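The following pair of complexes shares a single chain, chain A, combined with chain B in the former and chain C in the latter.
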Partner chain A sequence: MISTASALPLETHPARLAAANWVRTAICILLLAAVVACLTLAFGRTGERIAVQLCVNVTAVVALGLFCGNTGIVSFGHGAFMALGAYLSGILTMPAGLQRTALPNLPDFLAAHELSVWLALPIVAIAGLCFAAVTGSAIARLAGASATIATLGLLIITHGIAVGAREITRGSQTFFGVPRVTDLTIALGAALVFIVIARLYRESRHGLFARAARDDPDAASALGISPRRTRFVSWCLSGALATVAGALYGHMLGAFSPASFYLSLVFAHVAMMIVGGMASVGGAVAGVMVVTLLQDTVRQFEGGAELLGFVFPEFFGLTTIALGLAILLVIWLRPQGLVGSFELGPGADAPFLRRIGRGTKPANDPEKVAETMLQARSLSKSFAGVRAVDDVSFDVPTGRITGLIGPNGAGKSTLVNLLTHQYDADAGKALINGTELTKVRREAVAGKGVSRSFQNLRLFRGLTGYENVLVGSLAAGRSRQLAAPVAIRELGDLDLGEVAGKTADALPYGARKRLEIARSLSQDPSILLLDEPAAGMNPAETDDLADRLVRTSEARGLGILLIDHDLKFVNRLSNWIVVMNRGEVIAQGLPEDIRTNPSVIEAYIGRGRTAAEAQFVPNKTTRVLTVGVDQ
Partner chain B sequence: MKLKFAFLAAASAAAITGTAVADEYVIGVMSAQSGYLAPYDGPAYAGFQFCIDEKNAAGGLNGNLKVKTIVKDTRSDIAEGVKVVQEMIDEGAQFIVSSADADPTIAAAQITMADNIPTMTFAGTAPVLTQVGPHVFGSYPADNQQGAVLASYARDQGLERVWLVKSPDSAYTLGGPEYFGSAFESLGGEVIGESLYSLNQPDFSAIVTNIKAADPAPDVIVTWAWEPDFPAFIKALRGAGVETQVMGGDVLDTPTVRGLGEVVDGVVHTSGGFPDEGSAYADFIARFEKATGTTPDNNYYVNGCDIANMIEQAVAAAGSTDPAAVSAAMAEIKDGEGVMSNFTFAGTDRMPLRDVVVAGITADGKKEFILRSTADPETLPKP
Partner chain C sequence: MELLLQQTVNALSLGGVYAMLALGLAIVFSIVRLINFAHGEIMTFGGYGIFLSLVFGFPPVAALIIGLAAAVVMALAMERTAFRAMRGADVVSLLITSFAVSEILKVLFQNGISARPVPITFPASWSGTYQVGDITFGVVPTVSILVTLAALAGLTFLLRRTVSGMAMRAAAEDIEMLRLLGIRANRVVAVAFALSGLLAGIAAVIWTAQRGSVDPMMGFFPVLKAFIATVLGGLGSLGGAVLGGFAIGIVEVLAQAFLPETLAPYRDAIVLAAVIAALLWRPDGLLPAAKTSRS
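Presenting the complex of A and B:
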């Protein structure tokens, strides 16, 4: 497998990925179509009804998964959208005569429309979009468990409103007279359209951004992606689709009440999504199919049956028990769901795609960057009274590698976080060409030409190597056509061609470190902040990285702020070194001056030693032995 | 093929109409065996099947029409209910007995409407459910009948000021107290306050505080709350020292409510029936116990049996198994003989007029018969 992958040229990766993505969409569609065909051909009308229910559930769960899968936030709030869709579509399509009896106090603007379902559905979708935009403006501000709780709150509030709005919904009483128009054609058609929309969204710019922000919001915002915005966009699209799914569900039932869209429906859909795998569209489709087929198979045995000579007694509740066991088994054996965390189907490295020869030419090296200066001016930051960074000032100009060294706890990473506005500074400012970075939004820092890597790897784990770099390139504001060649260039430059199709999680450590740098470089930054890029690398990898950084810096003329406590590495690369200790800059200057600076030696080794002694401390783990080693 | 068969069947059915009925009468039963409807559908189905089996042993309905039942579990899920109803129609069901709630019954009735297949709910009591069409029937005394009988009893006791405790979360918990209130007012009483609660609300202290602070104080509190809300409410109420008379709906007719001890001493509730000694109901309990080893400890068993009786009498009156004819005959039944109580569909909108029993709970956890009465159709609160 690996040898196959390595044989594939990097240039054809984007074309192969595009093909693989279509294949994956086709697999979802074919899977659903095959199951529906089997059901209807083998079991006649009974099978057809199961197929209708299955397809409607696919629309609901795919809509749910569009938000949950791309943002990583489990939503219990989609029952609210479904209720909105079902009631609105029901009111718009209901025969006027029946409506006068069932809903005598319906407000005039809603009454007696008698629309066909084809006219009602677009209205329902727009209403759903508006509702999603309103609710999303609040919910998208939250992440993780608090967002999930907020969606649950939305469900509870909407349920309360539906129960209370008796003129429109008949309150908790049954809402009936909804035309039962959801037949197999409509249900299957909708399910297929939903699958295509969800697949397109997932691989689109917004879908990639959402998944990047899901995997690592800090890294995403450092690239200029607003995690809140990705959640908002996903929520709106997902909500609009769920509203349409609710309308289809309502037209399948014909009669329902607010309770029909409450916790039990929502839990059923969430369970299907989790059984199949939350992260992918294929997972949503597979989950619905497995659960539905399991339920409908087991159901046949509830009323008592004879199978292969065994007589089963009447045993009601078997379906619920079987479903519960299935969910437990899946969560135990495959915590990521049946499909796992990746889309069902082949990746870009699949052997049958190797014939695709359409290449994407790597973009030309960027022009030398314009002269720019990143300045730290009196930056200070305290955590619970500890001054992590205290009145720090220095410059990082383009065309120079500036080393920032200091023992553990000196405040180096905090300083980087201040420069990129990950943290708010207590005092002082960070400037680039006169613009105060400390005052712009965190996501806007990248747009000012400052890109960074992180001390602890912060790759987008659910994305492939290529997609990681592509996200960086797209986030720099390029169109897809322009972003791909840049991603190819950076992957090639950092010798990552073989790992383009592998997920970031599966890469060896050194490759992951390089991938993070490639992702930063794909934004064509003026200033690159590298936080311990060599940490954890072996000497050969460290040397290799050093060579690449020097070459890149010279070729593009960019300024690098290199943070490390590996003094040999920093010494070898830097033209200028800033030394920090206990939050303060204790020295800065040319490397040869720093090496002999007594306060630097003291900070690293302790009072009363000399540089000559330091060279012979045989303790590799602390890395201090390399002080003063020749460049 | 199937269609052809259906034509043939219809043609042959038409040919023998008026003479002997077909060999077998197929009744589809949607019964929730899990979920929130299971406590009602389970006993109702057991009672129904028991009496159908008894009738089949005696030659069938009216001694000559064997019944075949198709029973399918809906798991209290409305989508599942929609599916199984269609399956049962495919399998030839000529009568549908639907789950004990308005939602699944109305959903089923919309499907059976096309073929006019009579559809009867196990124990749904919301009077609105028969609005779907002339083929939909209730079987249990409706909420408005129960409310009216209870209100008239309350007025007879000289009670004047009622406080209603209701939950908008279900038609039953909302409708019951409202029907009581409207009947109570038409009899000269006064509704002096209302409180709303949510289903499964753990804490009723705020509501109790409101009731305690009411001036003038109510002399009766009425709620259609069920378990676990009713036990939580009554404990909070009595715990706060409020000794006002409490009245409730037929959901209080359970051994667990009676087992709550002194807090429920004196609570009055409606009920569909009462097994007086020597009555047909008492006989049913004895037969059922003997046959199954289970004691029917609520009215849903016997009501299930009465559904079998209603079907039998409707088929007899129709003289055919044609769905529309059975529906029409059912709607004209007057004082039909039942085990729990007699039933009248004629003149109603197909929620049968039946006796409502008012019963009280005693300090030692026993059920005490108070009165049996039928609501007056003239003063019955409109659904």
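Presenting the complex of A and C:
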């Protein structure tokens, strides 16, 4: 479990990560610059034309990926932003004389501006941002596939409007007279700026929150992150960028129609994003290159060609078929895209970053938490007639470890979900210092000082160990400068220094369990709810975890609600035990009283056994008990 | 009164087509988590099946049956070639796969048959009208409502009363568990695809009977509406899909009948915007599917 050698000091991790992130950005930029240089040097004018097209595609796909990659939702709606940008910028920059003939009925406020493209682009970006804010307020409410379909709806709606608004867009006829100002300098410059923006966003607070909510919305909201808000923020930034990309595209084409921004463009951009890898900016850049070059190669055969003696007939749509097959091959063979699920380039543990010595001092242990009381009062919840939790009341004060035990199906996890407002209670309430948790938003529970872990691990899979804890620390409202030392402290406390740079998915089970606890503790909670923290751990790991929990709870004075069905583990740690069975609290009291309570013994091992059997047994028997309880 | 009744028939007939397409999408989605973008091409292929069999001189009724069969075959072929290899992949990968399949098929239709609409002529008696009292109704819309209702009733019976239907409903809840119980999951999935193909085939029959032609994009646009219908009804919920389909059909016909002339070009935009507004009010849809995730 412990990796040998080469453990880099945890304190330098934030500095190494920052350096690695800049290197990754530089790699994206160099990759694009190199391909553009090759194209222009090797193929002259044709190469330059392809390079411009490539750079414009990079802007569009990076903008698209900024939303899709960070939220995990594929958008088909970005064609709408591109259309908005192209038409708006076209109208604003068009020569007035030409505009009078092309668009005689243009509303006055749009007519005869003749702006330079540099003045038009900021206006276009702001318009895009407003459009994104309006559409995002609807789309961000939806998650997963529903959101994707809603974006498709947006595309259809915008297309319908573009075709219908003849006085502004010339309807489905060609819109012409747009100055063709997108040359290689502008296109490449824009692509580089977009790459930097997308990279910065991805590693920023909002980007981390968005990716956390993408990987596990429930865990993110338990930390105080609103998944809907992360989708909204990503959508707005992405939409504004896509609008600018659309303007550049329009200024590249010079003439276009609503069909130019409809399904075939969207299909091409989605293909680029998926082929390269949706989860990273490097993937977007690589995907654009591969697909643009593929498109340009295949297009030459579309009108029929002779190759190696074979005569190929004219075949309209060959590029579409090539794109389709490229998507299918990539998805079958490499579902995360050519680049994979991580950014191109080194991670924080790369050997050449070893020399970075700038350390982040772990934050001091937090002050002892103020006295706080979490109370369950008559909480009830039914699922389709089954009373999972029935009129449950008990207290979890700070400075005490409260054990909650009960056989499987007793309602323990449901109870935690009620306390943290993951579920809505049918009746009763959960209070913290008198405030009703059952009435605040789910994302606000963490802010009241209640943090939780989950029974089935819920880590942010696409983030590293350090980033997982950093997200918790940032979500507690700290600035980046304050959040990093806290994350370092928690990782150190739970002996996770070696896994800081590894992705959560790649960690051994015990480390993942501890990482989840570190993530919760990074929020400096007053009350910590641990849902089966020791499940699946071996005895040595369980003992180790127990020691750490006792130490933390004593040092910080926090209250822990410890849920488990391992009696020995709960008994050893708790100063107070609550026993649940079939949704009801059947007993609560000091551990020694609970041990001898006949109804507890009955619930656990059935009638006619002795307390001794339930209690002072080695681990082996406990496991037997647990199995028995499952029935 | 007359207008209202006629529009009601139109709304139900259009809504019925959307409902069947949406139901086909929902059956497949609920079992394999696939949002099948290529569902429209199944419908289009059904339409071409009718067209080709008429060209080869089959009688109209036989042509309809061949059209249905073509849609079913297409659905099964898609499942076998493209989607079976992807079983268990995440929703995004599946969606993109079907998106690619849809684009490829459209190009093949364009090159293999025609990029332009090809005509389908049914006997004149099929497209006539009849009178009830003073009011004239079209035969095709009326028949299509009856066919839709029969198809929905048949499917409900199948899902509720037969073994494969129950297996399918069970698969929608938990396909892994079904496998552990010794039921062949591939078979269940294939039946689901066949049913969705059959529904798309019926939709193709009704659609071609009403419009008299087939083109490569025939299925694509109604299926876009059907997607929206599945989300409106609650993604993964079968009853929701039917409800959503009828709702969109009704709103669309209302918009067609009562929107002022100046707004006519924006009709689709207005209908979809209304639906998205409805989602603001109920983000999980009108009849949300049951959630089974545990924390």
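Following the convention adopted for this analysis, the second predicted complex is superposed on the first by the 578 of 631 C-alpha atoms of A that agree within 3 Å, B and C clash if a C-alpha of one lies under 4 Å from a C-alpha of the other, contacts with A are read in each partner's own complex, and residues count from 1 in each chain.
The definition used in the following text is that contacts are C-beta pairs under 8 Å (C-beta built on N, C-alpha and C of every residue); 3 or more make two chains touch, one makes a residue touch a chain.
As the structure is a computational prediction, the values presented were derived from the model and not from experiment.
Asker: Which chain makes contact with more of the residues of chain A, chain B or else chain C?
Answerer: The partner with more contacted residues on chain A is C.
Asker: Let me test your reading of the model: by the given contact rule, A:Ala150 touches which partner, first (chain B), second (chain C), both or neither?
Answerer: second
Asker: Pick one for A:Gly72: touches chain B only (first), chain C only (second), both, or neither.
Answerer: second
Asker: Is A:Leu590 in contact with chain B, with chain C, with both, or with neither (first, second, both, neither)?
Answerer: neither
Asker: Name the contact category of A:Gly324: first (chain B only), second (chain C only), both, or neither.
Answerer: In the superposition, A:Gly324 touches chain C alone.
Asker: Where does A:Gln173 make contact in the superposed view: on chain B (first), on chain C (second), on both, or on neither?
Answerer: A:Gln173: touches chain B, not chain C.
Asker: Applying the touch criterion given at the start, work out whether A:Ser260 contacts chain B, chain C, both or neither, answering first, second, both or neither.
Answerer: first
Asker: Between chain B (first) and chain C (second), which, if any, makes contact with A:Glu302: first, second, both or neither?
Answerer: First partner only.
Asker: Tell me the contact category for A:Tyr249 with respect to chain B and chain C: first, second, both or neither.
Answerer: first
Asker: Once chain A of both complexes is superposed, is A:Gln455 in touch with chain B (first), chain C (second), both, or neither?
Answerer: second
Asker: What is the shared patch of chain A, the residues that chain B and chain C both contact?
Answerer: 163-164, 171, 316-317, 320
Asker: Contact residues on chain A for chain B in the complex?
Answerer: 44-46, 49-50, 53, 101-102, 163-164, 171-174, 176-177, 180, 249, 252-257, 259-260, 264, 299, 302-303, 316-317, 319-320
Asker: What residues of chain B sit close enough to touch chain A in their complex?
Answerer: By the definition above, chain B touches chain A via 2, 31, 33-35, 71-73, 75-79, 82-83, 86-87, 90, 102-103, 106-107, 109-111, 126, 128-129, 131-132, 168-171, 174-175.
Asker: For chain A, which residues count as touching chain C in their complex?
Answerer: Against chain C, chain A makes touches at 72, 74, 137-138, 141-142, 144-146, 148-150, 152-154, 156-158, 160-161, 163-164, 166, 171, 218, 267, 270-271, 274, 278, 315-318, 320-321, 323-325, 327-328, 331-332, 335, 413, 416-417, 422, 454-456, 458, 531.
Asker: Using the touch definition up top, name the residues of chain C that touch chain A in the complex.
Answerer: 29, 35, 82, 85-86, 89-93, 95-97, 99-101, 103-104, 106-108, 110-111, 115, 224, 227-228, 230-231, 235, 265-269, 272-273, 275-277, 279-280, 283, 285, 294-295
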